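In the two assemblies presented below, chain A is common to both, partnered first by chain B and then by chain C.
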Partner chain A sequence: MKRLTKAGLLASSTLIATGAMAQTELSMWYHGAGNEVESNILGGIIEDFNAAQSDWTVSVESFPQGSYNDSVVAGALSGNLPCILDVDGPVMPNWAWSGYMQPLPISEEAIAGHLDSTVGRWDGEIYSVGLWDAAVALYTRQATLDALGLRTPTLDNPWTGEEFMAALEAAKASGEFEYAFDPGMAWTGEWYPYAFSPFLQSFGGDIVDRSTYQTAEGALNGEAAMEFGEWWQSLFTEGYAPGTSQDPADRDNGFIEGKYAFSWNGNWAAVATLEGGVDDVVFLPAPDFGNGPTIGAGSWQFGASGTCEHPDGVAEFVEFALQDKYLAAFSDGIGLIPATEEAAAMTENYAPGGALEPFFGLSEGQALVRPVSPGYVVAAKVFEKAMADIANGADVADTLDAAVDEIDADIEANSGYGH
Partner chain B sequence: MAVITPDNRGLRLVVRYAVLTLIAIIFIFPLLFMGMSSLKPDQQLLADTSSLRAFLPVGDLSLENYREAFERAPVGLFVFNSVLVTGTTVLLSLAICSLAAFSFTYLEWRGRGLILSIILATLIIPFETIAIPLLLLVSKLPWIGFEGLEWGWLNSYRVQIIPWIADGLTIFLFVQYFKDLPRELIEAARVEGASWFQIYYKVVMPLAGPVLATAAILKFLVMYNQYLWPLIVVQQESYRPVMVGLQYFFQLNIAWGEVMAYLTLITVPVLAFYLVLQRAFIASIASTGVKG
Partner chain C sequence: MASKLTRSTGAGWAFALPGFGLIALFIIVPFFFAFGLSLTNQRLISPNPTEYVGFENYRDLLSLSVITLEPERDDSGAVIRDEDGEIEYPRVRTITRSDDFPQYRGMREWFRWQSAETARVVIASDVVFMKALVNTLMFVLVVAPVQGGLALILALLINQKLRGINIYRAIYFMPVVVSIVVVSLLWRFIYDGNDGLLNNLLSAITFGGWQPVDWLGNPDTALGSIMAMSIWQAVGFHMVIWLSGLQTISPTLYEAAEIEGASKWQTFRYVTWPGLRNTAVLVLIVITMQAFALFAQIDVMTNGGPLDSTQTVVFQAVERGYGKQDISGGSTISVILFLLVLTISLIQRWLTREK
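Right, the complex of A and B next:
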């Protein structure tokens, strides 16, 4: 009997060991190094996933966000990519087109009810899914609206372009502020296309022609784009907004300190604004310059690398991570907008009546993803330079024409980027 | 003809010291700003940037930023990695490059002029242009370690060290310095029957203190400030150096106080290294005319 028991123990321990050995490791790269809260939440999800099933075990390597994309490109070149990749929404088509990523075999049911902007689609397939999105709003104080006699715009009834400019004029004329409007010129990089191209789209233009993705001609230098460019330049020439030499410290704290009447800023800055003592802050929707009010969309998402042999394992992990409790945890932890309404209701800030609830509505109602094209990464940099040049006084038509030429040349050099 | 009198000699001295003081202030103020800012909370730090308070230890001072910097990133690990990679590379570089320079200067062999010219020509090639080919190369190189033969050098210390050991500038510095040493010393040693290696080791190197210091400091700075190379060849945190680690502090809302604390911490090894070698460094600049 004793011998039988020993044999049984041996057999069961072997089975357990075999089971453990059968777990396939899925390596993962993540952009959140240095963000302790974010890393802890992700670590918790991975721990739960590894414990909840016996097929896969996820191990994560974190990178600082500022150098993450370069690390992935270098990893792809040297054949050293992990299985699970974290990717910024607008960059995904480029990585998919370059072969750094492969389609994610996740079911449509798993992403039902998610904000459209949290699902990365390219060439008719899902490549990545995000747990959150970000949104931009026009920050101001209720006291400012009252003092200047301005109506409070809503999602259904946003300010028109004329109303917006009248608000800036009123703020400027009041003499209470250094500048009426802070678009955030000190934040270079992706902020420019993310935050400023929605204004262009609201005028009726775009960074590229989305009907073909083969040219920027007409979209970035047509009549609507010219009108946008003239308006954009007037913000700086007529003294409504600080230019490219804006002190980064003012960008971070200028609105809180009362230097600006209105500030174009993301939901990630909202908690700091409230904690900075702006109790009556209101988050207004983007103004409508004629072609509908628009804000940027698309944040970090998860997908499978092009060399991953287990995309099914990646999909299983992503589906696991999409549980509302995790979406809510990320939102509470780092202030971003949860991908589903159910998760939003579980959060402190985005639940009905929560301080940041308007942002969920903005994401739902005004969000437009940046051009879904592999060429976006180049077009975005060209657009950024054009916006800075125009703000600094360059001729609008010449600048936009030059930007179009540069974007078109890149598209042609890459044989149309597979569109 | 101007006459130097005690009066205008004094005036010159005053002007000279005034200029030197001004230059010193220009160089010291960024360090002062960094050090002082690392002790202040963000709100105060940003508010102080518009006045001289930014350079003074005033206001709400604490070591909180340092504590938070250590919480945000494994600062000690990054500094250790950088010091290890930099120190090893500097030592190996001094040995290898001085040997190469010795060969170019004193040994007679066919083609040495051409090869030296080719090595010096590499100085005009920006690293960025060879980074990708070099990455592809090192990702496939073999290595024999404790676990036997393995392929690929990525995610290791060796990939951060070996490609940087030999370089044109360091060889050039040694060649220039060796050329100025009296030939008689070498000839006398040869007459006494010394081998070439003995001459290198016992005659030339003991006289090469200033150029060793110069080459060491220049190499130290290059290696300690490495960013692009470790960024593309190291994907594991355990091998990351300080400059890549700096990116940990640039989140959506940048904590500038922590950035300054981190910068202060990673500047310490550089300052210490320079202070140890500064006499020899200055002597070398004075003797070779090399501008730092």
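Right, the complex of A and C next:
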């Protein structure tokens, strides 16, 4: 409520300043075309915002998620970007660096108490703010844990790498599952770096060296990364996990149907799993392979495009949209993790005792954003290919070396990406 | 002919203008753009200024070297062998990542062969592109004759006056009308490694004796699977071209052959085939060019995997130019592809010339 009055005050003060001018239109692009629930919630926020003040009218245009980034790149190349841009967290530095986005003049106050991973910062400035985050957990059934005699890991005391492999071995030996572990190889694209690079980080490696962001040498092909690569390959060669040719339908339903004992999956799949009849599903934290347990972070966020003449209007809209009730509405509607604790308390699933409450803890406790660099977009592609190749049996050291060379060549070709 | 053309130039050129204009705008101009971009370091997205880099992009794609590896020896100088009796060599990365050999920096093993005790390793600065090149050539070499031949057989079969022959024509032509993306998606299900249609079918006719094969997930079968599916998809198109060629052959020739007592084979060999000469040249060149442009099937079905066994030149051009935001790299691949297709088409043209 406090924020609402503040936005109201701000709105009225600008109203006095600009006099009785007509409303300025702010166009907006969104990635959620085809999702009715999502569109309705966003439509509701925009309607409320347009009614709550008289300076700006926001009008939205939705794109399918699969082609959204391409649309923005094409829009930028032809000089046709909207004012308000919807941007995926890890992509933001690339767009900020290339001038598609400008800093968002939002007050620190408005984002106080928000999950760190929902605020997109680049070069010391805030460029984008999100209403939610996503988190990944190790799905399993309580019945499976009991039957295999496994300890339930907690945030404070997660499984070690050995415990995790022992659990997979036990599940495999039980003979009750097609595969012990489903990492989700059917979900090609951003899922690979988002879901699998945290394992690498837990081993002590990374996609790039985050101290300089100028090279991947040592981070992606150092000792820790080699160890990670061998472990990753063993998942497939020793038959713990289905490979890259996994049927997408099995990815979506395999765990529910009992084909897999453990599934590495995001919070967005939790509601479907519960509705699918897995009443005793438990969401376990990521295992710790030696360098602390980590999961990926950073989801879709809002920011101002580089060509927008009214970043203040964009900031006003974003501040308005950041009200807890909207965060809660998005969370209830499409199962995302609300950005604040207050909003979490208002939701059905993330409130204390809610079915998905563990995810909020995971986001707070284990989340590590993907490398904050304009080069991430390319590095992510290279990493994806390396993961697929290693899973398919390629030599670990050669594959990681090749990935390092490609990432380094790209960083050099872009003169260091402005770090 | 020529005089008529020169007399009615005004109207003629006016009618041709939209076509010429569109071809120039969308094919000729972009080609010169691509050639220009391939000499720069242009990125898709970048605030950095574009610079002229000469032929560096071509060097990055095409550089090859051969290095010689001496076997590992123990203290007594004997060659070390592993459990299988294979000679152990130092890893290639000890050379390519060593500061002693800066000329091999960033290169990677493509393939190797062994002569006596030393191994020779061909290293390439872009192994993925080399594999894409080989895969594409393989694809063309298999698809062009097989697809052309099958299409000819189908055309001969349906070039008969039988009741209901149009139904067969429609059936064979159907896959051509369906979008290649849809066809690729369907074949992904057909090729599914667990319970795909193909595996089920094979297991049914062998009474369960068939071991399911992960057609698209196995590097040995992936490219072959895509070849088979591509041949099936476009065979109907070329069937129609053959058919039109068949129907230009005068029936009187067949009648004459019949009177002479020619066998079916002789009729085909000495009447049909010579009559199809120009059609054959057209079909061959069209299939070759289409096969070089292999992209959608790869994009939908395998993404170039597993282990680069289905990488192709056009897929690499798109992946690089758009996916990895390296427009100059993608342009370079396009120019190389253009030169390749041009060369092969000219050779085909020369081989099939009127003697």
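We take it that the second predicted complex is superposed on the first by the 398 of 419 C-alpha atoms of A that agree within 3 Å, B and C clash if a C-alpha of one lies under 4 Å from a C-alpha of the other, contacts with A are read in each partner's own complex, and residues count from 1 in each chain.
The rule is simple: a contact is a pair of C-beta atoms (placed from the backbone, for glycine too) under 8 Å apart; a residue touches a chain by one contact, two chains touch by 3 or more.
What you see is a predicted model; the values in this text were computed from it and never measured.
In the superposed model, A:Val377 lies in contact with chain C only, and not with chain B. When both complexes are overlaid on chain A, the residue A:Asp70 reaches chain B and chain C alike. In the superposition on chain A, contact of A:Ala33 is made with chain B only, not with chain C.
By the touch criterion defined above, A:His310 reaches neither chain B nor chain C.
Once the two complexes are laid over each other on the shared chain, residue contacts for A:Lys259 go to neither chain B nor chain C. Residue contacts after overlaying the shared chain place A:His419 against neither chain B nor chain C. Looking at the shared chain after the overlay, A:Ala394 reaches chain C, while chain B stays out of its contact range.
Residue contacts after overlaying the shared chain place A:Ala269 against chain B, while chain C stays out of touching range.
By the touch criterion defined above, A:Ala409 reaches chain C but does not reach chain B. Residue overlap on chain A between the chain B contacts of one complex and the chain C contacts of the other covers 70, 77, 247. Contact residues of chain A toward chain B in the complex are 29, 33-36, 61-67, 70-71, 74-75, 77-80, 247-249, 252-253, 266, 268-269, 272. If you check the complex, the residues on chain C that touch chain A are 41, 43-48, 60, 91-93, 96-97, 106, 108-109, 127, 192-194, 214, 216-217, 219, 303, 305-308, 319, 322-326.
Chain B contributes residues 43, 46, 49, 71-73, 132, 135-136, 139, 152, 154, 231-233, 235-237, 244-245, 247-254 to its touches with chain A in the complex. Taken together, the chain A residues at the contact with chain C in this complex read 70, 73, 76-77, 94-95, 97-100, 188, 243-245, 247, 250, 377-378, 381-382, 388-389, 392-394, 397-398, 401-402, 405, 409-410, 413-415, 418.
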